[in-house]
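In the two assemblies presented below, chain A is common to both, partnered first by chain B and then by chain C.
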Partner chain A sequence: MAVDTAPAPSAPARAGGRRLTLPSGSVISTFLVLFLVIASFSVENFASSRNAGFLLLDVVVIALIALPLTLIVVTGEIDLSVASVVGLCSAVMGRLWFAGLPLELIIPLCLLLGAVLGAVNGLLVTKVGLPSLAVTIGSLALYRGLAFVVLGDQAVADFPRAWTTWAIGSIGGTGIPNAVLPLLVLIAVTAVLLHATPIGRSLYAMGNSEDAARFSGIDVARTKLWLFVAAGVVSALGGVFWTLRYGSARADNAAGLELQVIAAILLGGVSIFGGSGGLLGVLAGALLLASVRNALQLVNVPSDVLNIVTGVLLIVAVVAPQVTAWARTRAARQRPPG
Partner chain B sequence: MTSFLTARRLLTGTAIAALVVTTAACGGTTRGEEETAADAGAGASANPDADIPSGLAIAFLPKQLNNPYFAVADAGGERAVQEIDGEFSEVGPTEASASSQVSYINTLTQQGADVIVTSANDPNAICSALDQARAGGANVVTFDSDTSPECRDLFINQATPQGIAEAQIDLMSEQIGGSGQVAILSATANATNQNAWIELMKSYAAEAHPGLEIVTTVYGDDEDEKSFQETQGLLQTYPDLKGIISPTTVGISAAARYLSGSEYKGRVALTGLGTPNQMREFVKDGTVTAFALWNPEDLGYLAAYAGAALAAGQITGAEGETFEAGELGEYTVGADGEVVLGDPTVFNADNIDDFDF
Partner chain C sequence: MTTTQQTPTGAAPAAAEARSRRGTALAHRLFVVRELGILAALAVLIGVTLIANPRFLSGQNLRDLMLSAAILVVLAAGQTMVIITRNVDLSVGSILGLSAYATGTLLVDRPGTPVLVALLAGTAVGAVCGLVNGAVVAVAKVPSLVVTLGMLYAIRGLDSLWASSSDRLQVNAADLPSGFKSFGGARVLGVPVLFLIAVAVVLVIGWYLRSYRSGRELYGIGSAPEAARLSGIPVGRRVLMAFVVNGALAGLAGVLYAARFQTLDTTAGTGLELNVVAAAVVGGVAIAGGTGSAWGAALGALLLTTIGTALPQLGLNPFWRDAAVGALIIAAIVLDRTLTLRLAARLRGRNLRGS
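Right, the complex of A and B next:
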C-alpha cells in the first residue's frame, strides 16, 4: 500500500487541543482495574476462575469484532452490519452443515462470505461515495434478512461435540477460554498495525482530515475498502465461533451485538468522529462493560436496571471528555493575560 | 483502485480456494458421523419420603422479563417457594434471546442456585450452560418451552395435545347442545401444534360427540385482521353454523370481536384457546360463554415444587416417580422426564376476574 508518506504523528492533535496528555486508553484501563478490585472484594462469587471464564467467554466475540471496527471508526467511518454478518454466517454455516458439507470446508466458505459482505459495504462507501452510516444501516437489515431467507426460523444444532466443547472449554482448567488464545494473536496483529506501522498512522490521518490524508499520498478509498473487508471476515469468524459456542445455528444469532461492540469502542475513548483513540482503551472498555454487567447480575440487579446502568455509563464516557475540555478552555480564558 | 482485482490477486485467491477445497475433500468433519453421547442418567436413587429442606435457592429464568404470561407463571412459582420456605428469585433478559439466557444461567451457576426453573429461548443453545449448572449442583426444570431432554432433569408440560383437543370439543358440544355445524379457525396452515390439535379434535368429536359436524378449517395466519375476515367469511358461507372453535389466542379474540359487533352475537357459539385479559370483555358482553387455556400460574407453581422435589432427592427425574405439589396434589413423572400439568383451565363469567394474564 502506498502509505509511506503518512505524516500524522502517533498522538494526533485535534483543533481545540482537547486531548489528554495521558496515553489513549489509560483512563478507562484505570477504571477497569479499580472496578475489578472493588468488585472482587464486595461482590460475592465475582473473583473466581469459573466466573472469569464466564465473563471472558461473553467478551470474546465483542472484543474480536471490535478490532477491525476500531480501525474503521478511527478513519471516521462506521460499520453497523457486523452483527448481521455474524447472523448470516451462522445461518449459512447451519444450512451447509445440514447439507452434509464438512466443517473444514464450511468455515473457509463462511470467511469468504464475510469478505464479500464486507466488500459490498466497502465498495458502496468508497466507490459510490455513500456515507457508511447509511450503507451499513441498510446492510444491517439486508444481511439479517438474508439470514432468515437461508435458515428461516429453524435452528441447526447437531454440530460435533468435539468442536462445541472446544468453543466453551478453557485452557487446562484455568477458566480462561480456549478462544482467548487466537483472540490474543489477532489483538497483537491489530495493535501493531494500528500503533506501530505507517498504515496505522494513515488511519488516524484519514480520521482527522480525509483531504489532507489524500493530498499526502494516502490511498484513502483502497485502505477503507480493505478495512470493511477485514470487518466482514472477522465478523464471519465471530459467527463461526458464536455458532459453535452456543451449539446452535440460527438466523437471529447475535442480534443487537453491534451496539455492544460500538459501546465498547466509544467507552474505550475512540472518537466517533475519527482520528483518535487506541486499542488498549477499546479492550478495557469491552471488559469493563462485561464486568459491570456480570457483577450487577451476581448481586441480582434486574436486567432493565442493568440496561440503564450501561446506558448511563456510556453517556458519561462520551460526555465526560467534552465537559473537561469545555472546563479547561473556560479556565484558560478566565486566567488574566500576562 | 483498478489494482484491486489484478490477475495476480485473482490467481492467489483461486490457488488458496483450490487448496482449501482439496484439503476439505480429503476427509473432514461432516454431519451424521458422530453418534450423540448417551445420557449419563441420574446416578442417585430417589427417596420419596425425604423432606424438602428449608432455604432452597430456587431461581426462575423466563424467556424474557416484562412478559405478562411469564410474570404470572413466575408469581405462581414464588407462591410455591414461599410455601416450602425457600428463597425465590426471578432473573432474566429483557429481550428473548438464548445468548442472554446463557449469561444468566452462568450467573446462577456461580451463585450456587439449588434449582433453576427456565423456559428455553432455544432448545440447544442453553444446553452447555445448563450442563455446567448441573455439574455445579443445580437441578434444572424447564417449563413452557423445553430444551433437549438430556440438558434438564424435568420438563413441566402445560398440557397434552389430547387434553387440549378434548377440552375444546367438550366446551363446544356443551354450548351448542350436542349437535350442529362447527368450523375451526386456526393459525397458519402449517402450524405444528394447531394441526396436531385439530386432528385430535376431529377424531375425538367423531367418537364422543357424533352430533358435532366439523364442516371446515380456515386459517387466520395468527393475524388479527385476517382472522377477523375469515370469521366473517365463515358465517356467510355456512348460514347454519352453530359454533366456531379457534385453537389460537389471536384467532379467538379476533373472532370474538367480529361476533360481538354482528347479528350473530349470542347465536353462534365461540370457544377455543384464549387468555382471560383478551377475552374478558367478550365474556362479559355475552359473546363467549367459556373458553380454555392452561393456567400459567399453576404451571410456575408446579415447576417450583418439581424443582424442590428434585433438590430434596424425592425424585431423580426417572419415569414413574411421584411427588407432591402443594395444593395441586400428586404428580407422576412420565417418559423423558415430562410432567404434565393437567387439563386446561376453563374460563367463564364466574371465574374470569380471578385471572390477570
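Right, the complex of A and C next:
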C-alpha cells in the first residue's frame, strides 16, 4: 500500500506544505476580522473612533515588543526579560530626568542601555551556550530588581507636556494614536526582514534544525546575538513610550507584560519550538487578544473572565492545530488505498 | 551487562564495567558537589549576616525564615518532578491562589472541618488543576510552557470569578476557625509545623526520585524523550503523573499559605511561579530536563528565602533582593554548564586512557 500510493500523497503533501505557510497567519486573521465585525455590530461603542484609539494605544507596546520576540521564537529561543527591560529603562529614564538631563539625551541613553541588556542575554545564550529560557528567567528577575534599585518604589512624573501629549495624542483627530506610524514602519522593516530576505529564511532554518543551519554556512551564534540585542533596544523603546504614555516612570512599569506578548505570538501561530509562523499572525494575535478584552470590558464582563478567556484562547491556539493534524492523518489512513 | 556482549576478551568487560562505574561515581560526586555548593553559599550568607547582626538566627527570626521558606520549598519539590521530565509548570502560583481561597472558604463555611480535611481538600483542588495541565500536555502533545501559561491566566480568572460571584472578595483571619489558625502557628520542639510538612514533602519526593523505578524513568524522559519511549517507558503516563503530583503539592502549598497568612484574597501567590522555577534552577535542576534533585531544589528555595531576609539585616536596601536572585540564577546555570562540560571532558579522557 505504501509503495503504491507513495507518489500520490507526495504531491498533495507539497501543496499542503505550501498551504500551511499561508494559514499560519490567515486563520487567526480571519478570526480577528470576524470578531471585529461581530463586535462592531453587537457591542455598543466598540467601533467608535475613541474606543478604537484606546484599543490601539494598548496594543502598541505589545505589538512593538512582539516584533523582535517573534524573530527570536522563530529561531527556537525565547526572551522572557523583555518586560523587565521596559521597567528598567523606564526607571533609568525617570532617574536621569530627575537628575536634570534633557529627554533628547536620555532617550538615546535608554536605547543604548536596552542594547547592553539584550547583549548580556545574547552572549550568555550564544557564547556560554546556556538555554535562553533559563537565562532570561534570570535576567527577568535581575533587570526588574535593578529597576527597583535605581528608582525604588518612587515615581517620576513631571515629564514635559509636549512629549506626554504626543504619546497619547492621535493623528489629526482620527483616533489613530501617533505612535502607530513609527510602529508601522518597524512592522514593515521586520516583515521584510523575516519574509523577504535570506536572513529571514535563515531564522526559520535555525529554528528547524540548528545543526543543519550551521552546516549550511549560517552564523547561528552571531545572528541570535543580534536578535537579542534588537529585542533589548526595541523593549527599551517600549519603555520610553510606556513612560511617556502614562506620564510616569516607575520600576514596576509593564510588570508581567512578557506573558501577554508571548501569548500574542503563540496565538498568532508561531511554534514555541521555532521554525514556523509569521508576522501577520502575530499582529492579528495581539489585536485579537486586545479587542476581545476591550469588547468584554465594554459589555461589563468582569475582568476575571478576561483572564479565563485569555488563558483558554492560548491553550486552544496550540491544541487546535494538533487536533486538526491528528484528524487529517486519521482521515488519510482511513482513505481506501489506490 | 551490555559491555560484556560488546567486548570479546574476558578481562576487558571487567575493566569496562569498572570504568563505567567510575564514570557514574564521578557524575554522582559532581551532583553532590553541586548541592554542597548551595549549602556552602547558604552557610556563607548566614555567616556574614550573623556577623552583621548576631541576632539573625535568634528564635523568632529563625522561625519566620522557616515559615517563609516552607511554601516555596513545597512548590520547588513539586516543580522539580516536572522540570526533570523536560517540562515546566508556570501555573503553580495560580493553583496556590485557588487552593488557598478554596480552603479558606471551606473553613469559614464549615468551621468544624478538621485541619487534616482542609489539607486534603486543598491538595485535591491542586491535583485537579495538575490533572488538566498534565492531560493537555501528555495527550495533545503540546508544549507545557504554553499550556501552563494559559492555565496561569485561566485558574487565576476562575479564582477571582468565584470570589466576586460569591460576595466574599477575601477570607478574613477573624472568620477562620481557631483550630486552623493555631495550626498555622503550631510548633513541635520549637520548629514550625508548616516547615516540618515541607521537609517531609522534600524527603518523600527526593527519595521517590532517587530510589523508585518510575522516579528514575522521569530522568530518562527528560534526558532523551525519544529514547525513553523506545525503551518502553510510558512517557505520557509518567508526565501526567508528574503534573498531578506537582499540582497536588501546589494545592498543599495553598493550604500552608492560608494557615500562614490567614487573610486571603484572590491575588495570593501571584508571580510566585518565577520564584519557584528560580529556586529549582539555583538548586541544580536543569531547565533542559534530566538532572537535579528535590533536595537541591529545596536548598535553592531556602537560599532564595534567606537572601530576602538577610539583605535588610546586612544594611542593604531590600530592593536589591530581586537583582540578587536574578544574578544567582544566571550564576547557577553558568556553573552547571561549566561542571557539565568538565564532566564530559573527564569522562572522555578516561575512556581514551582506558581503551
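Definition applied: the second predicted complex is superposed on the first by the 316 of 338 C-alpha atoms of A that agree within 3 Å, B and C clash if a C-alpha of one lies under 4 Å from a C-alpha of the other, contacts with A are read in each partner's own complex, and residues count from 1 in each chain.
One rule holds for everything that comes next: a residue touches a chain if its C-beta (ideal position, glycine included) is under 8 Å from a C-beta of that chain, and two chains touch if they have at least 3 such contacts.
Note that the structure is a prediction, hence the values are computed from the model and not measured.
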Touching partner for A:V319 - first (chain B), second (chain C), both, neither: second
Touching partner for A:L105 - first (chain B), second (chain C), both, neither: first
Touching partner for A:N307 - first (chain B), second (chain C), both, neither: both
First (chain B), second (chain C), both or neither touched by A:A141: second
First, second, both or neither for A:A155, with chain B first and chain C second: first
Touched partner set for A:V128, first chain B, second chain C, both or neither: second
Chain B versus chain C as contact partner of A:A327, first or second or both or neither: neither
Partner chain(s) touched by A:W163 [first = chain B, second = chain C, both, neither]: first
Which of chain B and chain C A:A221 touches, first, second, both or neither: first
Residues of chain A at both interfaces, chain B in one complex, chain C in the other: 256, 302-304, 307
Residue ranges of chain A touching chain C (in the complex, touch as defined): 124, 128-131, 133-135, 137-146, 148-149, 152-153, 251, 256, 259, 262-263, 266, 272-273, 302-315, 318-319, 322-323
In the complex with chain A, residue positions of chain B that touch it: 1, 4, 17, 20-21, 23-25, 27-34, 36-37, 65-66, 89, 91-95, 97-100, 102-104, 106-107, 109-112, 122-128, 148
Touch list for chain A against partner chain B, complex: 44-45, 48, 50-51, 54, 58, 97-98, 100-105, 108, 112, 126-127, 155, 157-158, 160-165, 168, 219, 221-222, 225, 242, 246-248, 250, 252-256, 293-294, 297-298, 300, 302-304, 307
Interfacial residue positions of chain C with respect to chain A in the complex: 88, 136, 140-143, 145-147, 149-161, 164, 266, 271, 274, 277-278, 281, 286-288, 317, 319-330, 333-334, 337
